[in-house]
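Quick one: structure below, then a few questions.
Residue numbering begins at 1 within each chain, and the chains themselves are lettered A, B and C in the order written.
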Amino acid sequence: MLGEQLLGNLIQGLVLGCVYGAATMGLSLIFGVLRVVNVGHGAFIMVGAFTALLLFNVFGINPILAVPVALLIGLGLGFAVYYLVMQRLVQAPELASLLATFGVGLLLEETVKQVFGSEFRGYYWSVGQLDLGVTVLPMTKLYACVGSVLVAVLLYIWHRKTRAGRALRSVVEDAEGARVCGVNVNWVYAMSFAIGIGLTVLGGVLLTMFIPVGINPYMGGVYTLKAFVIAVLGGLASPYGAFFGGLVFGIIENGSYTLLATIEGVEPFALTRALSFIMLLVILLIRPTGLFKTK
Amino acid sequence: MSPSRTRLVRYYALLPVLGAYLVLFLIGNGQPDMWQLVAMLAFYCALGQAFNLFLGMTGYVDFGYVAFAGVGTYGMAISISHLSAVEGIGGWAIVIGLLLGTTMATLLSLAVGAVALRLRGAYFAIATIGVNEGLRYFVEGARIWNGSDGIIFSRDLRLIFGREAATALSTFWADVLVLLIAALAGVVTLLFMRSKIGYALTALRADEDAAKVMGVNVTKYKIMAFITSAVFAGLLGATAWALKLTYVYPPDVFEIHYTVEAIVIVMLGGVGTLLGPLVGGLVYGLSKYWLAVTLPGFQLLIFAPLLLVIVVLFPEGLVGVLKKKIGNRPLGKFIV
Amino acid sequence: MVEPLLRAENLTKRFGGLVAVKDVSFTIAEGDLFAVVGPNGAGKTTLFNLINGVLLPDEGRIFFNGKDITRLPVYRRAPLGIGRTFQIPRPFGVASVRENVAIGALFGRAAEKVSVVEALAIADEYIDRVGLQAHGDKPSIALTPVERKLMEIARALAMKPRLLLLDEAMAGMNPKDIDELVNFLKRIKDEGVAIIALVEHIMRAVAGLAERVMVMHQGSVLTDTTTEAALTHPKVVEVYLGKAPG
């Protein structure tokens, strides 16, 4: 039945979208606060993927527990990168921070490659599945989806209710004014960057719960592009927009793959990858500020 | 009346550039076993000069730059593979290949530019980051130009030129063309610097909004630099890739790796300068060659932190630092 | 009636809930020396941004030489003859002073006809006129704040403007420099360039600068008249000089 098939497709897309969204929130957070585009975004996702991979294959720790570990790793990396590199580029032209995040991503990829080699790896974690009638959902994907939503909610609470979150919002609103009011703007930048990276690395773990194969040092590139599409869809400066952008993207990507698979003479996988880019161009052409009205 | 040092950039600033390429050629020509190295250095210098035309003059990073070289490669490949059936086509196949490659690069740059160049810095980078990948997967996915099978035209090349000449073309003349492209890119860079275009680009690179207030049509000039840079990339792909390898596969020619190298070369040498890409190309090429021998597989691991160091500590690159040190001496006139 | 050089009609600009410019109208004739006076936040710079095209008005229209330029793109206004300096100078970074001023000449009113070599010569001329001859080759970021202001003026003049928008040109200058600048501006005016100067305090305008003054307060015009009359206008007195005695 076509209706059932569509519904099943939609659910799969939504579930995928949650994870995509969670993995992109860090990108939007960093841009929203520091006005820096983290061009090395994908490399941090890769770090998260490797974290999950190693914890599972070497220590038998399941990916759910890898999430907090990934967050800590990400926070550490984020602070390190900020204080060593990004801090000095606050006044520099945009080009500098673009190249810097690019360089950091490159460095991560090469380091991982040297240490772990460039083969493709994966892990196999099976915990059954959920039969929804219209479609079948592996439990791992469900966990990833729930985890993603949880992360988004926690971020929201932190952003709105804590003092640190308020300091962040004041800096976004008016950095100079915040400084005058006694907010340590540099600390806010460092913290935002670190949390953004933390979210990204964590997102990598969640993504592997979805796709536990193909993990290699250079896997990040694909996700950088997708993250940009999602972030722009959601309005580049808003983490919540990114989450919803992820949902939209997930549905479209999943749906287009299924659709393209029915067309003769094209290769659905490759064409779906090209689709990300086409979507980006279209959005930038007609609505660069994103689909949603964020304040 | 004090003599001005910032009058129009003089043509003699080209001397070290053209001289270097000539020297490279003479070395390689005189020592045949050095030709491989010379060819590689020529490639990196040309890549740098071409990329610098846009990055250096506008301050915008096009992360998808390699796509222009990719379509240039296809242009040559398509030309040769289709024209081999034409009797006595000879050298025209190359000419048409170059024309086709540059036309395709121009069209692609217009398409990308139409969307991306209306956007500011960060958004522009985002828009371009998927160009090469998107194009690669589009070619493979929609199976155009033979899709993921690519085009192999070594046989066609031999058909057109005969075995001996075809080999000479792939192993010698293609590289000579690359040297010429590098030199030409240098000349164009200087011409830009001397002209209204160069001044407009300087203004928009420094402060885009103030430039607009001063009457600079920033979009127009960005497009000009973008297309010029893309055309040179197309020429490079058509010669250094198509003619040398005589085959083209999507994953090879749309590989972001080359954009990375271009960025490192230009930043290392000195972004926005005339000599920078040349110096950067030589240093990078030689280092890579040496590293490949001594520490294979480590190249990018070394260049990545190097890029970071340059961006954070020495954004003006080698030539920039050199300019500061000896810019006031007589020899400084040649360092542009 | 001769068409005025610049005519602004009912200009209004809002930013969210804030009305930065409210129903402002005025005219400028060729060779006028006109001051817009108002404290920070009165809407002066916003008004300039509207004339320049950096911002588009929500309501109202602007005519330059009879032509409706309300929605004309920014870069098309310079060739018409509208030049501008910024409150905080915006030099073109690494470029030398001469190159900066030459850019003004290259894209201003003579844009189609002037060559780079000619532009550089024009640049030299104006650099001399503002007294920066010794600094022609310096990178513009190496200039002191006052020198940057002078360079901005030279750059704007190299455009051969018919209307010069001066944004707080005198801020940060000592009285002697201000006097020199005022005399300089008067000479410019005599050459047929109309000048609109933004000043924060009405006393500056009084110091021999402007014949006509428009006093703004929170986006609206308090008065638009001769300098002397403005000084005694009751509303102006209230806003600037404290409540009138008695």
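The working rule: a residue touches a chain if its C-beta (ideal position, glycine included) is under 8 Å from a C-beta of that chain, and two chains touch if they have at least 3 such contacts.
Computed from a predicted model, the values in this text were never measured in an experiment.
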Touch-based graph of the chains, sorted into line, ring, star, complete or other: line
Far-end chain from subunit A, centres as C-alpha averages: C
Centroid distance [mean C-alpha coordinates] between subunit C and subunit B, Å: 43
Centroid distance [mean C-alpha coordinates] between subunit B and subunit A, Å: 33
Interchain centroid distance [CA atoms averaged], subunit A/subunit C, Å: 47
Footprint of subunit C on subunit B - complex, ascending: 2, 4-8, 194-196, 199-200, 202-203, 205-207, 209-218
Of subunit B, residues touching subunit A in the complex: 55, 59-61, 63, 115-116, 119, 121-123, 125-127, 129-131, 133-138, 140-143, 147-148, 256, 260, 263, 267, 297-298, 300-301, 303-305, 307-308, 311-312, 315
Complex contact set, residues of subunit A against subunit B: 31, 35-37, 39, 85, 88-89, 92-96, 98-100, 102-104, 106-107, 109-111, 113-114, 221-222, 224-225, 228-229, 232, 236, 260, 265-274, 276-278, 280-281, 284-285, 288
Residues of subunit C that touch subunit B when the two form their complex: 52, 54, 73-79, 84, 86, 90-96, 98-99, 102-104, 106-108, 111, 116-117, 119-120, 133-134, 136-137, 155, 159
